[in-house]
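Everything below concerns the one structure shown next.
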Amino acid sequence: MQLELYLLILPVTAAILSLMARSDKFDIIVLPITALLYISVICNISPTTVSNDGYFGIDSLSYLFLVILALIFAGSSIYSINFIKHLHKKNPDSRHLFINGMFKYTRIYAPLMLLVVASMTGVIISSRLTLMWVFIEASTLFSAPLIYYHKDEETLEAVWKYLFICSVGVALAFVGRIAIAQAAKNLPETNLTIDYLITNASLLGKPWIVIAFVFALIGFGVKMGLAPMHTWLPDAYSSAPAPISALLSGALSACAFFVILRYYQILRAVDMLIFARYLLISFGMLSIFVCAVYSVRVKNFKRLLAYSSIEHIGILSIGIGLGGYAIYAVMLHAVCHSMAKHSLFHIAGNFLKAYSSVDIDRIKSASSHIPINSILLFVLIFILLGFPPSGIFISEFTILKEMVQTSNWAVLIIFVLLLTIIAYSFISAAIKMIYSPMDAQIQNEVKIKTNESVLDYISPMIFMGILILLGLHIPAWFENVLQNAVKALGGSL
Amino acid sequence: MDNIFIGLLIIIIGGILSIIIDQFLEGKGLSGYVLLLFFIIGAPFILIPSIDVLITGNVYTASYNAGTPMNQIFFELDGLSAIFTTLITVMSALVLIYSQGYLKPYEDKGFFIGIHFFFFSLLVVSMILIVIVRHSMLFLTLWEIMSISSFFLVAFEHKDKIARQASVNYIISMHIGVVILIIAFLLMTNKSGSMFFGDFRKVFSANTFSSSIIFALFFIGFSFKAGFVPFHTWLPKAHPAAPSHISSIMSGVMIKTGIYGILRICAYIEHPLAWTGYFVLIISLITGFFGIINAIAQSDLKRLLAFSSIENIGLIGIGIGVGMLGLSYGKPLMATAGFAGALLHTINHSIFKTLLFLGAGVVYNLLHSRNIEIMGGLIKKIPVTSFAFLIGALSISGLPPFNGFISKFMIYSGFLSEFRDCSNLLLTAKVFSAAAFALFGGLTVACFTNVFGIAFLGAYRGQAKKLTPAKTSLWMVVPMVILSALCAVIGLFPAIIINILQSPLQSFNLRYLPAQISIAASISQVSLIFVSMALILILFRYLLLRNKLVQTAVTWGCGYESPSPLMQYTSSSFAEPITRIAKQIVGITEDIKGAGKLFEDSLQYKSNSKDIIDSGIVENIWYLIQGFLNRFTWIQCGYLRHYILMILITLLVALLLSIGSFVI
Amino acid sequence: MIDSIISALFFVTLIHITITTRLAEYIKALVIQGILIFILTTSNYKEIGLFHTLILGGGILFIKTLLIPYFIAYIIKKIKIKREAEVSIDNFYSMLIAIIIILISFIIAMFINYFDKSVNSMLLAVSIASMNIGLFIITSRKKIITHVMGYLIFENGIYLMSFALAARIPVIIETGVLLDVFIGVLMMGIFVNRIATTTESLDQSELRRLTDSCN
Amino acid sequence: MTFAIIRYLLMILIALITPGIINKTKAKCGGRKGASILQPAYDIIKLLRKSEVISSSTSLIFKLAPSITLASVLTAGMVAPIGGMKPILSFSGDFVFFAYILGIGRFFTIIGALDTASAFEGMGASREAAYSMFLEPAFFFIFGSLAMFTGVSSFSEINSVLSINNIAHTSCVPGFMDIINCWIHPSNNMVLFVCSMIVILITILVEASRMPFDDPETHLELTMIHEVMVLDNSGPDLAMIKYAAALKITVLASLITGLLIHNWISPALGLILYIIFITLTAIVIGVIESVTARIRLTHTPQYLIAASAFGITVFMIMIAGKII
C-alpha cells in the first residue's frame, strides 16, 4: 500500500474519532497528535513519479506543496488548542451535534478542520484531474461551516458568497476537465493521470488543452483568489475565526494554485505557453492592483490581510507567467507567503482577543499592552512586504531579476509602484495599531486583556524565524526540494 | 578581516543583552551601560584594521560561501571603506556615550530603552557591514536592515503623531530608494554576470550610454538615502522627530552611506561620460542651494540643521561631480581635488553636524522645545555646550581655522586648477560652481550667525523662571568637547588628515600631487598666524583694561527706557532680507491679523516655511495616485451578481481570445 | 437526431426562463430541463454502458426533477418569498441579451467545430448557451433563490457539454452530477440555518453588508 | 621676506590715514575745511586709552568679537599683494582664504552685535549678513575669471603672470610711462581689469559700509548697517573696530594695486605707486560718497546682485574672448 495514502487516511480517521468522541479533551489533543503523525509520514516519503494505474502519487511538485500543507497544519493545530478551550468555555453543555436543527460549532470544529486538511491532502497527492477536482469541491464544502462561526448576518453573507462563487468556479473548472477529456480522445487510456498526459502530449488536441487551461485558470482561480475572481475572499477571511482564515489563506489557496500548476504542466507539455503567459501576468497585475486599491482605504485589519493575500497570489501568477528564473521564485514565494500570512492571521486573532476588535482605529498602543504580539506583527508585516532579510525578499528579488532579463519594463514599473503603495498602507496601519497612544474613550469602552499565552504566538514566532533564515540561507535539502519542483515546471535555475 | 566580524558580533551581542536586561531582568537604565561597555570592547577590533589600512594602504579581502541564495559573498576593506568604518565607529561611540545622559529622562516614561539600544547596535553593525561588503544581494539586504532599524529609532518618541508620520514617510522613501537600487543592481548583475562588485568595473569600462544610465540609477537610488534634492523630503521630517542622538547619528553617519555608495560606484568608473559628471554637479548645486536657503527660513532648530545637512550633502556632491568631470576630461589634479574634497567634507560634516545635533539635544533637554524664537541667552546657562555649538557653527560655515574650511578649500582648488585647454562648457561649470560655492558660504554664515546669535546669545525670550540652571551631565558634555577639539585640530593641521586620504584615493586609482600637501601646510601656517594674532590682540585688550574699572550698564536702547527681551531681533526677522528675496523657494506663508487699521490694539503676525518639493510635488503625486485608485472601488461593491458578472466577462474575453488565436 | 430535438426544446426552456417573471415558471422550466437531460442520457446508453446509464438516469430523475425543484418550492413557501423574480433590467432587454448569447454560443460552437469535427455542434451550442444564460440570470436577477436557479441552469449546461463532446466518459459525467449534490447541500446549509436562525425573510434585500466600496 | 613684512607694516600704517583722506575729500567736496587727515588715528589712540562700558546682557563673545575681527583683517592683509610685490604669504587659491578669513571677522562682528540683545544691533547684523552674502559671488566671479585668464589662482601669481604677459613690450629700463603703455596694451584685456576694479570698489563700499550702501555719518540707527552693530562697543573695542574697518578698506584697495602694478618695476617705484593708488582709491571713495545719495534699504540687494551680474558678464566676455 502506498505511503501517501496514510496522509489521507490519518486525518479522516482522526475526524471520525473526534466526531464519535465523548470528551472535550479529545478535541484538544487530536489535532496536535494528528499533525505530528502527518509530519512524520511526510518525512518518510520520497517523491517519485506515479505509475499510470495509481490514483494517488507524489512527485517533486506535490512534495513541496505537502511540505507547505504540513507546516500550516502544524501551526493551526497548535493555535487551535487555546481556541478549542475557548469554545468549550463558551458553551460547556453536552456534546450533541445539533441544537435546534443547527450544527454546534464547538462540536464540529476539530472534525471539519481535519476533513479540510484531508481534502487538501487529497488535492495534492491525487494523480488524476477528476480526483483533484472532487477534492477541491470537498474542501469548499468542509470549510464553509467552519467559516460560519459568529452566527450573524455578515458571516452568513460571507459563507453564502464563498459557497456560491466557489461553486461557480468549480463548475467552470469542471468544464476544463471535460475539455481535457476531449483533447485526450485519441489516447487509448480513458482514466488519465498527469504523467500519462504529459508523456503522450504529442497526441493531445492542442486547442482543447488551451481551452481547458483557460477554464481551469478561471475556475480554480476563483478558489485561489485571483482577481477578478477574488471577490469572495476578503469577506470569508474577515468573518472566519483566526485559525480558519489562517488555514484557508495558508493552505487552501496554495492547493488551488497547485491544481493550476498541474494544468500549466500539461499546457507546457504541448508547448502552448505563450497565450497563457499574458493571461497569467495580466491576472496577477490585476490582483496586485486590487490590493493596492483597497489596502489604502480598508480599516479592518483582517480584510487588509485578505487583500494582501490577493496581492501575493497575484505575484505567484505573475511569476508563473514570466517563467525562467521566476518559477524558482514562485516556489519559494508560495512557501514563504503561506507561512507569513498564516502567522499574521494568528496574530490578528490575538489582537482580536486582546482588543475584541480588528478595527485599525480601535487598536491602540499595542506595544505597551501586548508587546510580544506587536513585535511579531511588525516584523511579520515587514517580511510580508518583502523587506529583507526574508524569503519573500529573495523571491521578489528573483522575480524582478526575471523581469529585467526579459526586459518587461512596463510590468516592472507598475509592479514596483503598486508594491510601494501597498507597503505604505501596511506600514502606516501597523504603526497606527502598535504605537498610537490609547485614548480614554476606547479605554472605557473595551476592557483590554493583556495576557499573552505562549500557545498563541509560538507558531508565528517559529515561522518568523524560519522566514528570516530563508532570507539569509536556504538549507540544502529544502533547496533540493525547490529545485526539483522547478524542474517539474521547467523553470531555469 | 575576521577581527571586524568579531567586533561586530560583540556589539550585536551587547544590543541583545540590553534588550534582555531591560525587558526581563528589570534592570532599568542599565541596558545603555551594557551596550556601551560591549561597544567599547568591540570598537578596537574594527578600528585597528581600519586605521592600519588607512596608514599602510594595503587592502584586506575575505570571501565566504554562504550557500543559496547568496552563494559566494565577498568582503573587502580598502581605503574608502576604512575611512567610513572609522567614521561610523568613532561617531557612534561618541553618540552612544552622549545617549547615556540624554535618555535618562525617558527611562521612567515607559519607553523601551532596551529595544532602542538594540536597534542602535543593529544600525551600527549594518552600516559597517554595508561599507565592507562587495556582494549585491547582501548589500541590499543590509541596506534595508539599516533602514528598518533606523526607522524604529526614529519612531522612538512614538507618543506624538508627528514622529509616527515622519517615520512612515522615512521608511517609504527608503523603500522607493532601495527599489531603484535593486533595479540598478539587477541591470548591473545582468550585464556583468555576477553579484560581485569587482565585476562592475568591466561593465563601466565598456563606457556605453546604457552603463551611464545604470550609473544614474545608482546615483538616484543612493540619493534617497543621502538626501539629494528632490529625494530629500524625508530628511526635514525625520530629523526633528527623532531623538537628538539619533538625528546626529543619522545626519552625521547614516546619510553618508549614500555618499559611500555613490563614491563606491564612481570608483569602478575609469572614464565616465561627461554628462554624468554634469548631471551630478547640477543636482548637487540645486541641492546645496535649496538646502541652505531653506535652512535660513526655519525656526525649528533641528529642522534647520536637517536642511543644512542637505546643503552639505550638496557640497559633497559638488566635490564628486568635480571629480567625475576631472576623470572624464582626463585632468588628474581636478579629479583628485574633487574626490579628496568630497571625502574630506564627508568626514568634516559628520564631525560638526554630529556636534551641532548633540548641542541641539542639550538645548531640547533644557527647554523641551526646538523653537529658536523662544530661546536666547543660553550661553549663560550651558556655557560649554554653547561654545561647542559655536565651534560647530564656525566649522560648518567653512571659516578658517576650522575643519570645514579645509574641505571647502579642497573643492575650490578643484574648480580653480587646470584651466589650461578646458572646453568652454567645463570652464563655465567651474567658475559658476565656484561662485555658487561662495554664495552657499555666505548663506551658511548668515544662517548660523542667526542660530547662534539668536538662540545662545542675547537675553532669554521665554519666562526666565522656567529656565532652571541646568547642569548638563558629563555623559553629554564630553563627546561634544571631543568633537569640537577634532574640528579645531583638523582645521589647524590639515596635513595629517590629507595624508590619510591618500589610501582611499587609491580606490579611484588616483594619487596625490605634492601640491595639496604644500597648500595644506601653508594653510595651517596662516591659520596658526591668525589664531596667535587673535590671542595677542585679546591679551593686548586685557592689558589695556587691566587696571581700569569696566562698568556694566543696560544695553543702549537708543533712549528707550525699559527694553524687554521680547524686543530683541527674532530669528525670522534676522533672516528676512534673504527669505524675502527667495520667498517662492522657501515656501514662506505669512498671515497678519488686524493690520492696516490705525491705532490697532492687537496686531498678530504668523509666518512659517514649508518644503515646497514635499508639499508641492510629492503630496500632489500621492493625491493623484489616491484619486486614481479610488476610481476602482466599485470592484468590491458587495453585489453577488456583479461578482458573477465579472467572472462571466473574464471568461468570455479569455475564451474568445484563446479560440481566436487559433482560428486566426 | 434526438440530440437535435432535445437541444431545440432546451433552447425553448432557456428563452422561456429569460422572459418569465414568475418563480413558479422557473421551477417548471427546471423540471422540464431535468426531463430533457434524462432523455438525453438514456438515449445514448450505448456509449455510456447500461450500468452507468441506470445510475445516471436514476440520479438525474431523483435530484434534478424531484428533489431540488421540490426543495426550492418548499423554501419559497416556507419563508414567504414574493412570487415573482425581481429583474434588475427590463424584460425586453433580457430577452435580447438571451438571443445574443445564443448567437454567440452558436458562433463559438462553430469555431470549435472548425478545428475539431468530432464535437456535436448543436449540443455544444445549447450547452454554452445554457451556461451563459444561467450566469446571466444570476447577474440580472436580485433574489438569492433565483441565483440558485440560475446556477442550476448553468450547471445543466455543463452537463450537456459533457455529452456534446465526443469523449463521453461515464466517470466524468457522473462527477458532473455531483455538482447537483453540491448545490443541494449548499442550499441546505444556508437556508436551513437561515430559517432556523433569523426571522427576517430573504427577499427583502440582497446580502451586501460586506463591501469596501464607498457607496 | 623681510621686505614683505616691511611693506605689510607700511600698509598697516597707511590704514590709519585712509579714512582721514576720505573724510577730507568729503569735506572738500562739501566746501568745508574738514578735520586733519590724521584725525581717525587720533580717535583710535584716544579710544585705546579709555575704559569700557559693557552691556549687562552680553557674554564673553561680545568681548572677544572686536579682537577677532581685527585679527581676521590683519591676517587677510598678509596675503594681499602690496605694490605688485610678493606678499608675506602666498599659495595657490589664497584669494579663497582671503574671502573666508574676512568671513570669520564678519561672523564675529555679527554675533557680537546679537550678543547685546538690542533690536537695532540685530537689525544691523541681519543686513550685514545679507549684503555680504550677496557680494560673495561677484568677488569669486572676478577672481575666477582672473584665474582663468592667467591660469593660476593666487594674488601674487596672477600679478606675476600679468607682468610676464606684458614685460614683452617695455623698454629696458621701465619707467612710469611703460606701465601706462602696459595697461592700455590690447594683450591685456582692459575690460577685465576695469570690471575687476569696479567690482572691488563696490566690495570696498559695502565691506567698509560706505555710501551708497550705508551711511557712516548718520545716527538714525534704523537706517544704518555697520555703525549700528557697534553701538554698544566702547573704549579699546571700538578702537579695534574702527581700525579694522579702516584696514579693510586699505587691504581691499591694495588688491586693485595688485592688478595695476607689475612686479618688474623697481620696489621703490612700486611702493610709491602703491601709496599713490591707495590715496587715489580713498579719494574716489570720498567723491562717490559725497556725490551719491543713500540707496533705499529694500533696493540695496538688487544693486549687490547687479554687481554679481557684472561679474558674470566679465566672465562671459572672457569666454567669448576665448572663443574668438
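Each chain carries a letter (A, B, C and D) given by its place in the written order, and its residues are counted from 1.
One rule holds in what follows: a contact is a pair of C-beta atoms (placed from the backbone, for glycine too) under 8 Å apart; a residue touches a chain by one contact, two chains touch by 3 or more.
Since the structure is predicted, the reported quantities are computational estimates derived from the model, not experimental observations.
Taken together, subunit A and subunit D share the touching chains B.
Among the chains, the centre nearest to the mean of all shown protein C-alpha atoms is found for B. Of all chains, the one whose mean C-alpha position sits at the greatest distance from that of subunit A is D. Averaged Cα coordinates give subunit A a centre that lies 31 Å from the centre of subunit C. With centres defined as mean CA coordinates, subunit B is found 44 Å away from subunit A.
Distance from the subunit B centre to the subunit D centre is 37 Å, each centre being the mean of its Cα atoms. With centres defined as mean CA coordinates, subunit C is found 69 Å away from subunit B.
Chain contacts: subunit C has residues 112, 115, 135, 138, 144, 147, 207-210, 212 touching two or more partner chains. Counting partner chains per residue, subunit B shows two or more touched chains at residues 630, 633, 635-636, 640, 644, 647, 655, 659, 662. In subunit A, the residues that touch at least two other chains are 160-161, 164, 168, 207, 211, 234, 294, 297.
Every pair of chains in contact is given here: A-B, A-C, B-C, B-D.
Contact residues of subunit C toward subunit B in the complex are 88, 104, 108, 111-112, 114-115, 132, 135-136, 138-142, 144, 147, 206-215.
For subunit D in complex with subunit B, the residues that touch the partner chain are 48, 51-61, 63-64, 66-68, 70-72, 74-75, 78-79, 89, 91-93, 96-97, 99-101, 103-104, 106-107, 110-111, 113-123, 125-127, 129-130, 132-137, 139-141, 144-145, 147-148, 151, 153, 221, 231-232, 235-237, 240, 301, 308, 311-312, 315, 319, 322-323.
Per the touch definition, subunit C reaches subunit A in the complex via residues 112, 115-116, 118-119, 131, 135, 138, 144, 147, 151, 154-155, 158, 161-162, 165-167, 169, 171-172, 175-176, 178-179, 182-183, 185-186, 189-190, 192-194, 196-198, 207-210, 212. The touching residues of subunit B, when paired with subunit A in their complex, are 23, 66-70, 110, 112, 137, 140-141, 144-145, 148, 155, 158-159, 161, 164, 167-168, 171-172, 175-176, 179, 182-183, 186-187, 189-190, 625-626, 629-630, 632-633, 635-636, 640, 643-644, 646-647, 650-651, 654-655, 657-659, 661-662. Only residues 376-377, 379-380, 390, 394, 397-400, 405, 408-409, 412-413, 415-417, 419-420, 424, 427-428, 430-431, 434-439, 441-443, 445-446, 448-450, 452-454, 457-459, 515, 518-519, 522-523, 525-526, 529-530, 533-534, 536-538, 540-541, 544-545, 548-558, 563, 565, 567-569, 573-578, 581 of subunit B touch subunit D when the two sit together in their complex.
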